[in-house]
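There are structures below to look over.
First chain A sits with chain B, and in the next complex the same chain sits with chain C.
Then we have the complex of A and B:
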């Protein structure tokens, strides 16, 4: 089954960890995940500055690994992201910020990507808020 | 996530989808009229919701049980929203192609 995910919870939340476990279980059971859409507080997954301490699960890296191994698109809602300090080079230039932090493998894009997922995937599974 | 949900509704309408909106649980508070968010430098969700028909979104529903549990009289909420029983909601959900919850 082709599944899309929407994540509204921040990294380190129980819901964020549940989403990672769900994605791995789905992929291990032969399902495909085309896209993960990070919205609301979920956009905080997109910062490469997130640093897991020893024994903690690095959610940003976990999704990046799944992106590389399974070709999953990691889409971060651009409006939610810039409000929360998750920004790529282009937006940093636009808003006059001296630095940017969007992690490799993640993309800033609009809500249309969430809606396209909802329409094209067989199931959309929401995590959070 | 009131604002995020409404943003998604507007984006979906721009995307040409037929949209039905159900307010339930704590979400029913978004429908309360006569809110005064200005004193907190905020915007009222109900003002935005009232503009939804302009974008072609006219199917607005509210969960009857959620209103009752919060002692919200139907007269206190925006006109043009239709109250649905648990059974009605089951039917509404069963007839959708896709569901986004906020």
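Then we have the complex of A and C:
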């Protein structure tokens, strides 16, 4: 079955870890994950400046690994992201910022991508704040 | 003639503590008989027999389940909650429930 996920919680939260476990379980059971949409505090997953401490799970890297191995789209809500300082080069230029931090494998895009997932995937699961 | 099997409709996912929010109560009020409710995160504190919501869970006909790793993380496996009240499920079971029910709905 083709499943999409929406994640509203920041990396290291229990909900974020639950979403990673869910995605791995789904893929192990032969399902596909079409897209992960990071929304609200969830956009903090998209910063490559996150560094998990020893013994913690590096959520940003975990998702990127799944993106590379299974071609999952990792979409970061652009409106939520720019407010929280998660930007790519283009947005850095647009807003006159001296640097950018969007991690490899992640894309900034609009809420339409969440709606599109809800329509095109067979299931959508929301991992709340 | 056999009655057609009822379609499994909505999987409700709850994650906030019943000591802070009324999510589980409101969810129970709105869920249909062929829905399921999954307790995750602090919502699993509803399994404490002293919680205000526990007797509602015991008496509902709705399929109730809780994510076992998150129940274990809170030291609640020792509560010996009767299997008739709650089904403890794995992450694989969570995926299976999402597929079996027509849709999922997360309360927050």
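The definition used in the following text is that the second predicted complex is superposed on the first by the 129 of 129 C-alpha atoms of A that agree within 3 Å, B and C clash if a C-alpha of one lies under 4 Å from a C-alpha of the other, contacts with A are read in each partner's own complex, and residues count from 1 in each chain.
What we mean here is this: contacts are C-beta pairs under 8 Å (C-beta built on N, C-alpha and C of every residue); 3 or more make two chains touch, one makes a residue touch a chain.
Note that this is a predicted model, so its numbers are computed, not measured.
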First (chain B), second (chain C), both or neither touched by A:15: second
Touched partner set for A:37, first chain B, second chain C, both or neither: neither
Chain B versus chain C as contact partner of A:129, first or second or both or neither: both
Contacts of A:111 with chain B and chain C, given as first, second, both or neither: first
Touched partner set for A:119, first chain B, second chain C, both or neither: first
Touching partner for A:63 - first (chain B), second (chain C), both, neither: neither
Chain B/chain C common contact set on chain A: 8, 124, 126, 129
Partner chain B, residues of chain A touching it in the complex: 6, 8, 39-40, 79-80, 110-112, 114-116, 118-119, 124, 126, 129
Touching residues (chain side chain A, partner chain C) in the complex: 1, 3, 8, 14-15, 18, 21-22, 24-26, 28-29, 31, 123-129
Parts of chain B lying in touch with chain A, wherever the complex brings them together: 1, 4, 7-8, 11-12, 14-15, 17, 97-102
Residues of chain C touching chain A in the complex: 13, 15, 40-41, 67, 69-70, 90-92, 94-96, 98-99, 103-108
